[in-house]
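By written order: A, B, C and D. Residues from 1 in each chain.
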């Protein structure tokens, strides 16, 4: 079962709540002999960390990751994986439980409050408990380990849409992604997004977004038909991220609108004697198996459900209530979803690399 | 591992190729004591069956399903499930292997030919082998068993887009779905789609489509955070269908474009004392758990890759070739994907119903 | 879940009842490119086949295995695996349902009649239904595929005890195993066992046995701590065989009675520059990982529960009954368990070989 | 995959090494609404804790368990499970790494040193790293959670054999188990075992043992044929415990030596109108499904491999060496295996209870 785990040979189990003492992930199946430092993981957690701009939640979490097992510490401070499970822990430090006290029994629209209560009869209402997007910190830490398994694969994410405002793909420049608080690959859209999100933020509102993740350098042949398809596994992990409502591979829904002639990715032998795809509508995957072209995945994130505007709802006693969600929230939770999406793609790829070449042997 | 299996407690394993003697599914975990007839399964296979209109492939397959295990035959010809694995088999009868002989070594663009060869070093080129959409017959048979587990859930699919032509949702009428060869819920679009697809078909071309599946009567509380979310599991199964490139739950990608106020599904206590959602942008799922509202899922199918127009490609010897795919193909494979989508949603729901109430006990 | 499946990368799902139309196995994960003939599978089924001597059940089953998928047929009649699931089917031909009619509602002591009824509320009483040892034919067929993955491993089983009569290990001669109806490696015990089993058989009684399976040529390094230990996986599969009540690895329970000095398998570098174990109390496994020494496993089979002597029991109506089990039964079901034990060890090893070297790549 | 996880619906993942900062377990699938205190877990860890008599290792570990997630803390200091994963952590406090320095490259006979190196090319040699029996502390903590799921089941273990000295079963008295340092149910054997183990201990030697675990109050109907048999799952978990070489259910290997008449557990309707078994050779399981009788399992533990006597071995450089294992070791590791065996049986039963009644619903 996979309720709190995912992956088969690169298997990640996460645990923890928003306002418990800590959260973490156990990464099982990482091959032995991979050297890394804490900084190699922390760099990804810092991308996801709250409080880095006015466009994300002002919760202050250091989000420092600890490695509790699965490695041999080296004299230079680095670690080498031993093939045993790697336990990663991130302590929660900024828990303002009182912010949430008054909604302990209210069901916030768009949140999992109602459904958790229906399912479990009990829920940790503090910050959303297990359903909080804080859980994604554990995913990002695990993604850092996944990247160790994929030294030749470059996995990068970008925000391509906020509300109705899409980037101009003609301007795409990966180098710009880290130069703005939105992970936008189109520098020209940044001022527009800034103004728009300031407006949203000041209104106590929120807005949705679309993230695109691209993985380059993925070898052809990864993926396992019929029910272990690479696109299926990537989609499942992206869909498991909080607030995601849609996933596309390659041209996605656009494929529905075109003809077979338009959609076909033609091939030719390249001058280097290697097969060459003349386009990549498929997003790097055919029949569930990678083609060697870049893997392209997109996912839609709904607007943050926590807003200041009163919304109609009910409470646990079956009474009508009007809910305003105070506290420190992301006006566009899609921004911080970028490193989470990257991590999910990294984990899916690591899993399939290991299925392909075996898990337990020495690094080949 | 789940390469050819899916589900946890309602677990389906499929096998078989397009041009082998048969294909089938083993359904493991079906509760005991469920009575059904062959016709209860066949009805769904007939919906998917080729050759039923000029808009689908003219391959002639009876697609008659046999039940080889897992049931006690009753005197009236019905069967009762015993809780042991149900083996379903569909014999292949119309295999024109010669149609495919000439492309044994060519890689048809958009097909899995290249990737299977890269991965396995060998492939059954006859009709696409394992990567053929014929495999979905086994899914539909399994979906018929899944529906037995869900007697109070109504699962229906419809085609909502062919090429650029979308239905008018204001015209939606479920009763119309079986009155036209497209499973269109909007009768007014049928003439337009007929003309358009005739044109596509005569040109030896193909076009994509979008299918929507709705499940009504799903109890609240199904789904298992964090990595067994109901929307995640539905999405994964839909994405595993041949040619699917995108999946949405509820308002899907539309959620990215709107604000938190617009997206919130507000609640009120109903006059019957039950919680009432005032809208269903969420598509019946919050935090990965069902709300009791209809589950709404959509998926995009790319145009059939087999087209008569020559496309550039390479062959297994690394030579450039130009490929035309003759044979009998669907001009819009999305049409026959409707019952497949229904089956996948049925299987996902059956799995989560069993997770919730237990698998092995007598029917409660 | 693994109710009717086992293995992770070499994954077997079995289905079928004693008196249904057929039974079978789907083998998922077999690497591509392995050539075999039907005879390569049939040879193992013939070892297990009933009716081959007076010491086993006189049921007459041809037990002919069919391969329905997962292979490319070759012109010479052989097949080559393609990496897709291999569906194996064995039709039931000699079903005398009337033999079982009178015990449809009686619980035969030692059988699963009572527990299946308690669990499922319904059971296929014909020949024991799913709980019949006929299910092991599917295992043996799957074991034949597993052996293809292990060309350099020799897996052999032998009967080492019937009732109180143990073989003399000093006489062990593998060449003798196929020269007697017991798979006895000690030719000198054969007359004694013949007389003893004749007596048991004529009395309508039955007796237990112990089987030993040895796998030679297993590379060091297979097995996955902590919960995928090679000995754990072998033990689980052996324990899943009908009527098995105990499993040992290496010296097994004998290890409890000796000291650390006696039990230690000392090592020395061999003259060939390879590590050498000076003994093999461990049965070829340390810390769950293979050492390169022969894997040695033993399992105890209880006496066939179907006996002619009346035993006290109850029926489904809660009435006391006295049960005699007529029909055609094995006086010592342990004999035919020998090829089943071999198959289980083969499957466990194939699974771990694939975990180690990867599943989907071309044969290395 | 289950390399460091076990169970399906009650799923446990363990992590950690002997000499890392901590070890722990994540318990996924525990139902919501179960109230417990830290003491309810600690009591079992204390049974397993080192240093409690002269017959076990003198390593001093407090083995205090922390609960990091999955619970709502209550005002009275207790916790209530929420249905989310329960992360349990035990910090390592008494790590004398220098004891192990000199054997960093030596392969201790009977240990996993050689096989880990073969498999992974690297190992944490400090205290055996992941292969240390310290990992069983995490199992025992998880077993404490499992017991919460089984409020009406009594699971007790006892030591029934040390070396060649077996208890007299006629003296069996559960009340005596906690009155001696061996968990012996036969008080009369205690002086003999004391003398024998003192001798072994003073000689720097070690000896094997047999543990028996009995679970009473298990409802009939648990277990899932064919490959999720209750006896199979219990056996697999017992076999996964360090140093275990054999497992029996019910009369185990004794079943091989007797006839069907002797082995049959006859039944009668009891005076209370309930089915009654007249004996329990089956150990409470028929056809893989519980009968309602006590579950009886036994396992053999080999002698501790760490002994003071020099043994021949090799090192990582392929040189012959003579190894004496200094440090603080258990003369009979079987003693401390008693609570570990109990924990494994508890986890297997909890898993099957959840399979039967469903995981996610409120407590029924």
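Worth a mention:
Rule of thumb we're sticking to: contacts are C-beta pairs under 8 Å (C-beta built on N, C-alpha and C of every residue); 3 or more make two chains touch, one makes a residue touch a chain.
For clarity, every value in this text was computed on a predicted model and none was experimentally measured.
Listed here as common contacts of chain C and chain D: A, B.
Ranking A-C and A-B by contacting C-beta pairs places A-B first.
Averaging C-alpha coordinates per chain and comparing to chain C, the farthest chain turns out to be A. Chain A and chain D have centres, each the mean of its CA atoms, that are 38 Å apart. Chain C has its Cα centroid 45 Å from the Cα centroid of chain A.
Rounded to whole angstrom, the centroid-to-centroid distance between chain A and chain B, based on C-alpha atoms, equals 27 Å. In chain B, the positions touching at least two other chains are 1, 3-5, 8-9, 14, 84, 119, 130, 221, 224-225, 355, 360-361.
For chain D in complex with chain B, the touching residues are 1, 8-9, 84, 221, 224-225, 354-361.
Remark: chain C residues 1, 3-5, 8-9, 11, 13-17, 20-24, 26, 28-29, 32-33, 68-70, 72, 80, 82-87, 89, 119-124, 129-130, 360-362 touch chain B in the complex.
Touching chain C in their complex are the following residues of chain D: 1-6, 8, 14, 107, 109-112, 114-116, 118-119, 130-131, 135, 161, 163-164, 200, 205-210, 220-221, 223-229, 231-233, 235-237, 239-240, 242, 245-269, 273, 275, 278, 281-283, 285-292, 300-307, 309, 311-314, 318-320, 334, 355.
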